[in-house]
Structure formats: structure tokens, C-alpha cells
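Dropping a structure here in C-alpha cells format, bear with me for questions.
Note that the chains take the letters A, B, C, D and E in the order they are written out, and that residue 1 is the start of every chain.
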Amino acid sequence: MGDRVQEILSWYGSDNAGTKTNIARMLRSGKLAGTGKLVILPVDQGFEHGPARSFAPNPSGYNPHYHFQLAIDAGCNAYAAPLGFLEAGASEFAGQIPLILKLNNHDVLHDDKDPLPSVTGSVNDALRLGCSAVGFTIYPGSAHCNAMYEQLQAIAEEAKAGGLAVVVWSYPRGSALSKEGETAMDVVAYAAQIAAQLGAHIIKVKLPTAHLEQAAAKKVYESTQIPIKTLAERVKHVVQSSFDGRRIVIFSGGAKSEDKNVFEEARGIRDGGGFGSIIGRNSFQRPKAEAIKFLQTIMGIYGGAIQ
Amino acid sequence: MGDRVQEILSWYGSDNAGTKTNIARMLRSGKLAGTGKLVILPVDQGFEHGPARSFAPNPSGYNPHYHFQLAIDAGCNAYAAPLGFLEAGASEFAGQIPLILKLNNHDVLHDDKDPLPSVTGSVNDALRLGCSAVGFTIYPGSAHCNAMYEQLQAIAEEAKAGGLAVVVWSYPRGSALSKEGETAMDVVAYAAQIAAQLGAHIIKVKLPTAHLEQAAAKKVYESTQIPIKTLAERVKHVVQSSFDGRRIVIFSGGAKSEDKNVFEEARGIRDGGGFGSIIGRNSFQRPKAEAIKFLQTIMGIYGGAIQ
Amino acid sequence: MGDRVQEILSWYGSDNAGTKTNIARMLRSGKLAGTGKLVILPVDQGFEHGPARSFAPNPSGYNPHYHFQLAIDAGCNAYAAPLGFLEAGASEFAGQIPLILKLNNHDVLHDDKDPLPSVTGSVNDALRLGCSAVGFTIYPGSAHCNAMYEQLQAIAEEAKAGGLAVVVWSYPRGSALSKEGETAMDVVAYAAQIAAQLGAHIIKVKLPTAHLEQAAAKKVYESTQIPIKTLAERVKHVVQSSFDGRRIVIFSGGAKSEDKNVFEEARGIRDGGGFGSIIGRNSFQRPKAEAIKFLQTIMGIYGGAIQ
Amino acid sequence: MGDRVQEILSWYGSDNAGTKTNIARMLRSGKLAGTGKLVILPVDQGFEHGPARSFAPNPSGYNPHYHFQLAIDAGCNAYAAPLGFLEAGASEFAGQIPLILKLNNHDVLHDDKDPLPSVTGSVNDALRLGCSAVGFTIYPGSAHCNAMYEQLQAIAEEAKAGGLAVVVWSYPRGSALSKEGETAMDVVAYAAQIAAQLGAHIIKVKLPTAHLEQAAAKKVYESTQIPIKTLAERVKHVVQSSFDGRRIVIFSGGAKSEDKNVFEEARGIRDGGGFGSIIGRNSFQRPKAEAIKFLQTIMGIYGGAIQ
Amino acid sequence: MGDRVQEILSWYGSDNAGTKTNIARMLRSGKLAGTGKLVILPVDQGFEHGPARSFAPNPSGYNPHYHFQLAIDAGCNAYAAPLGFLEAGASEFAGQIPLILKLNNHDVLHDDKDPLPSVTGSVNDALRLGCSAVGFTIYPGSAHCNAMYEQLQAIAEEAKAGGLAVVVWSYPRGSALSKEGETAMDVVAYAAQIAAQLGAHIIKVKLPTAHLEQAAAKKVYESTQIPIKTLAERVKHVVQSSFDGRRIVIFSGGAKSEDKNVFEEARGIRDGGGFGSIIGRNSFQRPKAEAIKFLQTIMGIYGGAIQ
């Protein structure tokens, strides 16, 4: 199984040994160690949606230690969170699971059609906390995309020099896109490509629908008959759009949903050649035992134990 | 009692010994030393509201030395003020009380619906003045919140590297919030969470009302039946929203009010598990002897001597 | 008389020996040396109003050397000017009079309701020109006050580290203030307080009228019966608002006026406990001999030789 | 043939040996080595137009290695791409072809009348990836041209100090220009001049039409009878406008077009004294064997083997 | 004649030996060496107006070497141009004529009522190219004047530390000024004063008319009866407004004009005590032999050989 990790690492030939080591750490941790698949636990909803909306359904989640332990016990490959949450446990759980410091965040106490998150941590913070990677969100389609791309450029350059991996959340959003367009096939594939071109090692996008948003793109999808009917086909196209599969692409779970839907999505990701999932609310908003079972079912789907 | 301080320090495992030392200095100073409770004297109203509105009711307050001495004589844990006020006494009172340099300020000679304070001092200023902490105000909900969060990010990173503690005043305000919403339960809890996620060691918020401002939050408060009827319940929820009590949260006194109300609030803070108060106008706008008695009553409530 | 200088220096306990030395240099220069009083010659009108409006009434003033010599011959404590004017004479007059490099300036070739001066020199410029202090103008009340306060913060920090004194011109102005409000009692006192809180060693404000601009302040002035009827009372209140007299506050002369008015104002400043005057147009826009006589009359009023 | 390269290098007398070496590397690579002519493969369309519009017509192009190999196999002088695409192959193809790191990019998920690309890489990135040059796009005519010119100034200064060459894409665009004006004779010549004055070593512009956009320029073109009727004449005028031929100017191919048109354009470029072409979509959007034949036909036209 | 140069250098007492050396280099070069007069060739029109409008009337001017040679052959004191033009010849003509690197430029492919040029080079560029001075344009009266003044402040500080001279083009322009006001007597004198106060060693302004633009200034010009009827009087007033003649002030030629007018203007500049001319289009837009004769006539007027 180590061969698959070595194969993946071979795609990152421009990176230094430190960054390769940290990508490998994530790929060799947890239940999916060595499979080339990833299930990551992200917990930034306290910042993004507020504490009650995030943690009241399972109040253990107010405690930052809970999420470290949940990610470890479930066998996730990594745990991602903003500065405060990582500072609150990085020493206690040192070395038990790879950490991803989320370097920008956004709250909903005010509204923006064209969102611009705040930079809330630094590469130095990631290094002093023993993280394996930094995480950064871009909103392609936002009128502020320049600011985000340039913040990411600076952070990625510094992170790579410091031997860290760079994980990019690429979520199309902004006044130029329809609501449906945010998860349109062409738009999600484009968002993955942008993240890859900006130098991301790991790309996180939402699962796309079959909708096509931009007229110029639609024409090409139709004329070249890109298959996008099934979820697996769409995942495959996103993976293709991420340097023909030479970048790790994982998919986000979105709002809490019925388990069978999530499992079905995991099968689609697996069948389309996706590298895994990043699942927040669906895991930490239920009792821990249930969450572990839920996450391990998904890992089973990725790992092959479950069909 | 030292055990309680050690317990609190254990929550800050990511911080260096310098920062832990400075948090401990505040927790081991004054009448409440060792209890884990804090009463802090803040005097930034000269900048925020003007000198006459702040000091005319008790003209001794025009003199910066007055406040140092008041905080010392009353047995406060720390004294917080802007650059000028601290420069005017830091040598004379060196080592007599922990100091918090307030690093941003705002005046009312012009109006803004979406306020953005000015950065008025630096981490280096705090170090050269012998401070234990820097203080910084954020206004979640302001259209300028990005600027404040990013200023705080840079200051907090530098302060922590310099062995200082970071105290964040988190006051929701801005065109997207109703007046009532500024102290709404959901909004205050969210503001505390944001400060915690931004890496604050000590969080200062206003006492919340039972009002719920944001529809998406309201739904969750109601469906999960978070108890917020009494002040103690609301304080408890704020403490929970601050990493389940693993961050120090103190509450501000607000405008001058009848003493019995303030004492009643202190009881609510105590019963809800709050860590104390930061009390400005209610203390320095009355004669010194009265102020000391007033502050020591509050300390008595926190320390257990007074019910 | 040296005792008075020592007393004043004792208020600046947070400053390094270099800054104290430079404050002392200004207090120990000229005719008022040792009295604790200051008369400073400022010449930035060439930049602020244009050369003809400034110097045509006394064309000697076009020459930068004229002002150095005038300040020296009249026995001023210091001479303040923008970069160009100081560069044009700092070597020739080296060591003959303390210099204040004015670090921001504004011209009237375009209009702004909310003015923002340009930064036109640096702390390094002040050091290489042998200055004792930097000068900086803030316009509290301007929509751009944030920019000015933050520029001042950076300059003051650097100046203090370099052993220089910081002189702040604090002139309320901007779209939120009425014309009358710019010199209102409450507003001028507030402007002095802001400068002091920002870390100014020497504060320059305009002489206030008895007008009260802001409703919330007015209520306090009336309820606490702050005496502001006479000029001396108003000066006293400004001095009180500057850390209860623990910061040097001087008053500007304004446009050219009848001598007896200026002298009357000087008496008011003296009687109210003000520290002196900064007088530009009233001195350099008349023949030199007259100007010296004029300035020395004012010095006489401050020094006690003239009632 | 080496003499032509030496002659061209002699125009860059202000550059250090490192930069001259890198210009020489591009001029001495591929089929046109030593002729002073250049055919460069640029692949930034994945970022600029999205992956499907760019690569669906020839899906091999999703893979970053494809373009390295295509440029090498066809005998191009250099390969230009954004950060992600170069990172994904720079080690594997190290030393096989000179690389140009495109340092700014723009996507079409939102609309701007006055475009401003994002800076997506750095000079340090170019150095660590073994590139010979950095590439940068400016849009003269955009309301944001100041930002682009100043970004280029900083990048060019740093690149030259680091021994890299600077390639500038100069594409007039913005609300002040008509659509036709973007390729007008006067406008393209002006764009070439601006790039040259900003210090570009190699300038890339679009082929101009005979249209004249700006009235003041039109008058001069007519009164001085500048010949601009044929494509060769227009190319000659662009070359003249680039320091009388003392800067390398190459022309872009634009959207996919019929081959005979592209070859005809190459003849015009050759006859007008242009230095070559930069051809993206016309080469990588067809099967590799065809693309090589296509590119080598163009090289034949430039090299003299084909009329 | 050396005495005059020494006298002029004595006005720059605050500058280091490097800057004095470079001012001296310009004053001791060319036909006017040692007279204290200057004729400078500036060629930035390729950037400012486009190549055809600039060079089509005399196509030799497309070649950057042409202007170096013209300035040398005509005996100019210095040659001023943007980065690209200087890079294209600084090695070939090293040491043959003092160079001024123009550090900001503006093109006309888009319109601004309130222009803000782009910074297009650096002090380091000037040093590596062997220049004697940097040049910088400010537009007093523009809404963007703050940006320009502050860019100049930073550049001037760095240039002086690096031993370079600072030449400021001060051209009033912007929405607050009438077209006639741009060359009004009061406005041009004010512009010269601003440049001087910002620390310019050499100031370049346009020749003023007798128009008075600003009401407050007009009143003073009339009440103090400043003589401004003849060109010589107006030049004299500009020189007076430039620190009473203690700064070098030269005048620009403007658009191409009849020779006798230009010579008449030179006589006015000479008779008013101006220090010379900076003449672009009138010299390089005619055949070289004519240009040399033309420039040497002007030099003759300044040097005394021609009345």
C-alpha cells in the first residue's frame, strides 16, 4: 500500500522534503493509512456559523479537545480547524494526528454578496503548533477573488518554504454566480483548476451537480460530450480538471444530511476516482459513538471493506 | 488556591512560558489572587468619549496616576488603558500592578455606522512599558471586521512571541445588527467564540440579554432548548461558547448604573461560571473611597466573602 | 528655575534619556529657558497656504534662513518647519536652536471636507537633520482620522526609540463638525486628550471658545459646572484635559491679528496654566525688528517681566 | 548563427550576466536555436478560461506533463505557464526546455470591464523551479493599469537582480477602449512601447489591425504617413515602436483559427521583422502529432526552410 | 566659473557628499558647465503620449541611443528618461552624460481627471544604471496628490541616502483647477514651493501666465503688488517662491512651438534668474543637426554668448 503513497508523492516533484513528509504524514495516518484515500475532520463552523448552530446539537463539541479525540478515535487522516481551536489542544494531542491550520475564516454577523474571509492565522502559527498543513479558502467568482488569490500566493510560498502542505478550499461564490451555479459542473471543475494552478497540494471542492453555468463552457461540454450525468462521472471530471488526477482532490460533505445520502456520495467519489472526503457537521453534530461508526463506514467505502 | 491558577494555565498549552507567566501574574495579583477570578480596571473612556464626559464627575480622574493608584488600592488584578495613560505612570508604578496596553481606540468626534478603531500602540510599546498583556477591540458585525480581525491576528502573533497575553474586547456592532442585537444572546456567544478562535487568552464581552437576533441561530436555540432565561444561564452559555470554559471570559459593566444592579450582575456572572468583571465608569466616576468599597464588594462576591 | 524643567521631565518617566534630553533642550533654549514656558516659531504656511499668501507681506520670509535667524534672534525655544525648509538651513544653523521637523503637510490646491495631510518626511530625516522633535498634525473629526492616528502611532514609536520628542498639532476638523465646533470647548479639550493618549509629549491646540458642540458633552459640562467663561478658565480646562497638566500644552496663534489681542490671549494662556504659544503668521509676516519685539513681549508675559 | 544571438544580447547591456544567460538560453533552444527567432508554447488557459474550454478538445492537455513534452518535442524555445502547471513538471523535465513562470492570472468566473489579474506566483518561485524568465500581463487602458505597472516594476527589479529575464504580455483592454481599439495599430504600438519602457526584455502583443483608435495619434499616423496597410508593415511599426527593434517582440496567436491563416500571419511577422510567435490554443487543442507538424511549419517559416 | 557651482552647492548643506557630487556633475557637464545654468533633454513622451506621436516626426527617435547621442552632441547637462530607455543605453554611453531616471510615468490610453502616474522604477534602478539623479512627477491639485507626495517622500529619502539628486516635475493638474489655472502665476509658484518643501534639489515647472487662480492668493498678489506682468517677472517670482533662489528651478518647454518663441522664453527665464530649461519635443522631433543648433542657441542665451 506504501506504493500508492509513493506514487502520489511523485506528483509533487517541485516540493521540498519537508512538504513531501507532511503530505505523507496525512496519507499514512488513521484507518486509511497507505490507501491514498483521505477522510479529514474539519471544525471551523464555530467561527463560520456561530457556536450554538455548530455545537448545540452535540454539546460536547463546545470543547476543543472533543474534536481532536473524535478525529483520532475515528481514524481520520487529519484534523483541520482555526487558530483558537488548534491552540487549545495542539500540545495535549501532540503527534497523535496531523493538523491543518485553517488560515482564513468568515463569520455571518454581517452579510456580503461577495465574501472576503479574514486571514486569522499565519504560517508561523502552523509551524509553532506542529501542523502538517495550512488550509485556505478561496471564493472564485467573488469580486474580492484577487485579494484571496494573492493572500494564498503569499501563504503558499511561505508554507512550502517551511515544509508544510497547502490545502485549498475552493468554493465558487459571489454576485456573478447564480446560487445553482456555485455547484455547477463547469464552475466546480474550474474552481478545482484554479486551486491547482495556485499551487495547492490538496484541493477541496463541493460535489458538483450536472448544471452548467457559463455559456461559453456549456458549449464545450456539449460539443465535446463530457460525461457528467452520474455523480461518479462528475467526480471523475473534477479529478481530471485537477491536473489529470495529479493533485489530491477531496469533497466536502455540506450540511447535515441523511446518512445513506452521504454514503451514496462517498461511493460516487470513490467510483469517480476522488481521494476522499472532508466531513464536519455530519460527524461532530451527533453523539461520538455514532460519529465514529458513521465516519468508519465512509472509510470502509473508501478502503474497500464496504461496497 | 494556587491549584486553580495552575488549572487555568493548563488550558493554554500552546503558549510559551512568557505568556503563561503573564496570565499567571494577572491571576495572582490583587484581592482575588489565586481564586481564578478577575476584576480589571479599564480606563480608555478619555479617548472613547472625551475627557469631560469621563472625568468631570470625579476630576481626580483627569490625572493618569489616579487610576493606577485606584486599581492598586482596590486590589484589582490588572489595569488597562491606552498608550498615553500608561506611558504617564508605568515607571512610577512599575511592578505594582499588571498592566494591559489597549492597542486600538475610537473616538466620537465623527460618526460611523460600521466602526473601525485606530491602532494606537504596538506590541513593542507594551513590552517597553512592562505590560503583562495587550488589549484589542473587535466589532464583529461591522463592515470593517476584516480589518480588525487581521490587525488582531498580527498583534496576537507578535504578542505571543513576545511572551504577552492577549485580551480581546469583542463587541458586536455595525449596520447589519439591530441595537438590541448587539447584546443578544446568540450574538454575544458568537462574539465570544470569534475572539476565542482568533487566539484570545482573555475575552471580554457585554452581558447578554435573552433576545435572539439571527433567525438561523434562533431556530437552534429553540430546538435544542438552550436555557437562557436567567442571567446566570446566559453567562454559562457564553462561557460554554468560549471553548467550553477553557478560555477566561469576563464581562463589562457598561454605563454608570445603580450599585445594587452591578452587584446583582456580579452574582449572575459568578453563578454562571464567569471569570469576573472589567469595570470602568462605575468605579472611577465616584470618589476614591467609595470606588474602593464598591470594587471590593464585587471582589467579595467573586471571592466568596459576600453572597 | 532648572527645578521647573526637572519637574516637567518627571512627567515623562516612560521615555528614554534621549527623548528627555530633547524635551529638555527645548525647555532650556531661548529667552524662556528654564521657566517651563515655550514660544515656538512654526513656518509651514508656504506648504499649507502657498508662498505668496505666506511670505509676500514680508518677502524676507521667502528665504529659509530668515526663519532660523528670526527664531534665534527672538529667543524662541524651537523652530518648526517641513522637510525642505529645514534641509535648507539645518547645517548653517546647526546647534543654534532646537528644530522640530513637521512630518505631514497639506496644501490648498484642492479641497477636502475631510482633510488628510500627506506624510512628507520621516523620523530618519529628523535624526539626520539634528532635530529635537518631530511634529505631526491630526484632524480629529475627519473621516480620515484613522489614517492619521495610525501614521502618528508608527512615527511616535520610531521617534521615541530614536530619542526624539513628539509634538502633535491636534486640530478638530471634518464633515461631522460645524465650523464653530472646531474650536468648541468640548471639542478642543477632547482633541488635547486624544493627542495625549496617542503619546504626544507636547500638544498644540487652538484656543477654545465657550461654545459646546456635542450634546452628550454639553450635558456633562453643564451638570458638573465646569467653568469655561473666561479664556483662562478654558485654557485651564484644556490643560486639565491633558492628563491634569502632566503634558505640555501650547496654543496656536491663528491668522494675523491685532497685537493687543495676541497679548491678551497670551495672558489668558499664562493665567490658565498653559505652557506657551506657537506663533507663525503673526511673527514672520512683519518686519524682523517688529517681529522680535512682538515675540519678546509675549515671552515677557510668560516669563513674568510683563503683566 | 550564434552571431545573431550575440547581436540580440548586445541590446541588453544593462542586464547582468545571469539575465543575459537566460535570454540566451531561450534563443539557443529548440528548432530555432541561434536564429534569433522564437516560438513559445504558453498554457495558461486552464486558469484564464477554465479547464474544459481549454483541454476538452484534446484531453491529453489536462495533464501538465503533456505540455512540457509537446513543447520539447515540437522544438519550442520555451514553455510558459502558471505556478501550478510548472510545479507539476519542473523536476521531471528539468533542463529540457527553458521555462517562463507566468506571475499573474485572471479567471472569468466574474466580469470586469477594467480587468486586474491576480499575482499568483513570485520571483522566488521562478528561481526555485529553475525558470529562465518570469512572465507578466499588463492591460494598458484598464482603470487598474497603475496597479499592474507597479506590480511589474517590483517583479522586474527583483527578477533582474536574480538573473531572470522578464517577458511582458501587453494587452490593451479596459473601459476607455473600444473592442476594435484593443488591436488598433496605434494602441498596440503604444502597448509595446509601454512594456519596453517598463523594462521588458521580451514583449508579447497581439497582431494589430489597420484601425486607428485615438484621435491625437490618428492625426500623426496620417500626417507622417506611417505605412500600416499590410500586416508586415504593421508588424514592422510595432517592432520600431519597441525601441527601433532593440527589444524582442513576439506576437500571440489568439483563438483557434484555420492553419493557413496562422501561417499567413507568421509570414507577416517574419516579413515585418518580428521575432516570432507565442501560440497556445492553436497548438495544444489538437492531437499531438498534428500540433508538432503545425508548430514546425511555423518554425520553418521563421527559420527560412518554408516560404 | 567654478565659484558659481560652489555657490549653488552651498545651498544644499544638508546633503551628503554623494548627492552634492551628483548635483555638481550635472552643473559641470556640457556646454553650460560651470555657469550654474542647465539645459536638460527629457524623453518620456514615448510613455506619456505613445511612440508615434513622439517619434514619427523624426523617426530616429524610436531608437533609444539617438537621445543619448543627441544630448551628448548638443552639450546638454543631463538626459532624463524612463527605465526602459535608460536601460537600453546606459552601458553604451556610460560616463558620457549625467542621467536622470524618471521614476513615475503616465500614459493616455485611459482618462483621469485627477491623474496618478505609476511608479515605474526604483532608486536601486537609478544606482545600478549609474544615474546622477532620480526624477519624479507630482500633480499638485490632483485628488491623488497624497499618494504622489508620499511616494516622493520615500523615494527622496532613499535617493539622498544613496547619494543621488532629486529632480521634481511639479505640474498642477486635477479636477479642482481650471485649465488656465494649471499655469496660473499663483499656482505655479505654489507648485514650486511644494516641490521645494518636499525636499527637491531641482524643480521643474511650466512657465506661468499672469492669470491668478485662487481667490485668497489673488488678494495677496494684488495687495502686495507682486510684479507679474512680464515673463521675466513671473520667472523671478517662481525663483523667489523656491526658497528665495536657493533651489535650482528650471522650466519646461511644452509642446512643439516656433523657435523664436522658445528663444524668447529662454531670455525671459534668463532675465528672471531661472536656472535653465528642460526641452523635449522641441528638440528631438526635428532632424539632429537642427536640434543641436536649436539647443545650442538656447545654451548661448543662457551662457551669455547670445543676447
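Note that contacts are C-beta pairs under 8 Å (C-beta built on N, C-alpha and C of every residue); 3 or more make two chains touch, one makes a residue touch a chain.
Everything numeric here is computed off the predicted structure, so don't read it as measured data.
**Q** Walk from chain B over to chain E along touching chains and report the minimum step count.
**A** 2
**Q** Fitting on CA atoms only, what is the rotation between the copies chain C and chain D? Please report it in degrees, nearest 5.
**A** 145
**Q** Can you work out the whole-Å distance between the CA centroids of chain A and chain C?
**A** Their C-alpha centroids are separated by 58 Å.
**Q** Which integer distance in Å separates the CA centroid of chain A from that of chain D?
**A** A distance of 36 Å separates the two centres.
**Q** Can you pull out the residues of chain C that are in contact with at least two other chains?
**A** Chain C, residues with two or more chain partners: not present.
**Q** Could you list the chains in ring order, beginning with chain B and heading to chain C next?
**A** If we begin at chain B and move next to chain C, the sequence is B, C, E, D, A.
**Q** In the complex of these two chains, what residues of chain E are touching chain D?
**A** 46-47, 49-53, 56-57, 59, 62-64, 82-92, 105, 107-111, 116-122, 124-125, 128-129
**Q** For chain A, which residues are in contact with chain D within the complex?
**A** Going through chain A, the ones touching chain D are 11-15, 140-143, 145-146, 149-150, 153, 157, 172, 174-177, 186-187, 189-194, 196-200, 214, 216-217, 220-221, 224, 226, 237, 240-241, 243-244, 246-247.
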